[in-house]
């Protein structure tokens, strides 16, 4: 609480870079787009009974889930600063759970569209915080 | 003209996938985010006189420009369909010029922020067409 | 026709680089080698009834098809110049169709050797034009 | 200190999974090897006055720092479980700081061997916890 | 034995870098960790009867085997020097056989845990030589 | 035209596998094309006095040299069989020296066009053996 009040007195924070220069450009949309892809792939998998096509689904879901993890990790380490953590102490845990949701215990290991939706919801929670920090 | 009229009679086109499954998820934002990064890097390069930092700028600008090219190529080959080409016959040329703008004759080879802006403008032109095809 | 005549009056064109420096070294053989690999994989898939082996075929065919697309995109954007386009106005469309033939609607999504052959034929058409431009 | 002594009395440790299957094989040595490389590169950079060589140092330090980040992220998301977090509540913060130390504000952006040493120390802290969890 | 005695008479050899700078940091543990992962994946594959999970096993085993090959190749080309070859004339052949054991005729093409064990044994033979050269 | 006729008189060459399926398609041209690129880059570097351009040369030469190494390693491990080694006992050493010529002690670490030429010559030696084994 106090952290939140103190932070609101701080000068505007300018976002720093997904390229780790930092260039100053970050966007949770990168993780979201890949997660949407994961969810769509699961839908296509369910609708098909062609073996080779379903194997392609598994391959591509694996790659796209990995990209979700990567984009989230970059956002967590490179964009967020100590002052954000003070204001949003749950951030570490949210990123940890979100990346786990894109891993073996999440969309990599599952063909359940519900799991993909949970991942999308988690990313949206993070995106909401991200937008708040940009407005701050 | 006639092409445009004929196309408007066609049934709604559902976008197909950046993952090449196709999963059905495409977004020009992917190319735009990287291009914004390229432009920001150029600004940082100009503002610095630290050799190692400027070398990092060159390295990362190279990578980010390559990502712009990749995202645009995927959009061109995987998202756009013959009926889009009929309606937007300039598409091939726009993608060709946009990807060239992210190459040696564009942002890879240049430290001019104006070139990065031209790339962003070109991507916005493509994004406008993209949005129109989604509404169709 | 007129384009072809006009072009023949232009000075010799020196090829520019697949590395996007540009270094000056391009070769459609890179795309062709990967496409031959794709065709051979399909043959191996058809001849086998081992599940894990066939899954490896799907994985590797996916990767090799992606490499075909990449090498073609590079050639299209980095090697070919406006004067080539003037002389070969069909180039854009040929590359578009060739890369589509290595995608979901082509060798990525199909286990038909005929599709792989169509891809090889398309690459050969492009290679023919490439050789003509080098001789020019 | 006590942790270190206790560890030497425990039975052989079986590693757990870095491939996200999960395959059951994890090892902080992967991050440490890359971080040692980063530190060695800085030494080589300092000892040289050859421009091209120093540029290679910058390039490779960038890549190796990225690998440190990647290996740490994988360990954090894939290896550590809720019960570990309960026992080591500082884990999230340690990983966050360690990955930041391999980023723009750490070894990517710096040519100071001391920063590389701080990264190595942070990785050793994590490795100590890792070994304790394996013994548990 | 004799080799070991002879080696102790040679001048100290300083190891050169897996990053190809060279940075001076090499470790056969990199190949071993991936090979352990491969062996563990085979165990998981055998224990499961879930189609999608087994397909993930095939995908990841393919990637991890490739990493084994890569780490071994780097060690062979970048770490070992002519004086090592003189002392261990079997080195070339050991690396050749080890990398083949991680390829199509080895762990990539097989679901036999015994093959993965042979790969691990081969890596251990190389690691033993590696350690001897470091002590020299 | 004449070239095409002459080619049809040559004996059929069946390629062998670079994808490690093995798919049956191998070609030393892959390493050669990258090595030609390396040599061309050095020429461009020498001819320029623009700092950022020369840094791009260093970056891309690093990448292209790595690709040379990769393509040679694949050829060595995946294409060549024990019977080839029996007939060409120098193969191991040729590959070792060729890959070293593309590393820190070769084209990665040097801006000497002569070193790049030595690499090309070494690749041609290997290509000659390769062609002989295909005819066998």
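Letters are used for the chains, namely A, B, C, D, E and F, taken in the order the chains are written, and counting of residues starts over at 1 for each.
The working rule: contacts are C-beta pairs under 8 Å (C-beta built on N, C-alpha and C of every residue); 3 or more make two chains touch, one makes a residue touch a chain.
Please read all numbers here as calculations on a predicted model, not as lab measurements.
Participant: Match interface B-D to one of A-E, B-C or D-E, accepting only the pair for which over half of the contact pairs are the same residue numbers.
Facilitator: The same interface as B-D is formed by A-E.
Participant: Report which of D-E and A-D is connected by more C-beta pairs in contact.
Facilitator: Most C-beta pairs in contact, of the two: D-E.
Participant: Take the average of all CA coordinates in subunit A, do the same for subunit B, and state the distance between these two points in whole angstrom.
Facilitator: One centre to the other, that is 23 Å.
Participant: Give, as an integer number of Å, the spacing between the C-alpha centres of subunit C and subunit A.
Facilitator: That gives a centre separation of 35 Å.
Participant: Just the number, please: Cα centre separation of subunit B and subunit E in whole Å.
Facilitator: Each chain's C-alpha centroid was found; their separation is 41 Å.
Participant: Where in subunit D do residues touch two or more of the other chains?
Facilitator: 17, 20-21, 55-56, 59-60, 108
Participant: Looking at the complex, which residues from subunit F come into contact with subunit D?
Facilitator: Listed in rising order, the residues are 54-55, 58-59, 62, 108-109, 111.
Participant: Sort out for me which residues of subunit D touch subunit A in the complex.
Facilitator: Touching subunit A: residues 17, 20-22, 66, 69, 73, 76-78, 85, 92-93, 96, 99-100, 103-104, 108 of subunit D.
Participant: Quick one: which bits of subunit D touch subunit E in the complex? Just the residue numbers, please.
Facilitator: 15, 17-21, 23-25, 27, 29-30, 33, 36-38, 40-41, 44, 56-57, 60, 63-64
Participant: Which part of subunit C faces subunit E closely enough to touch in the complex?
Facilitator: 52-53, 55-56, 59-60
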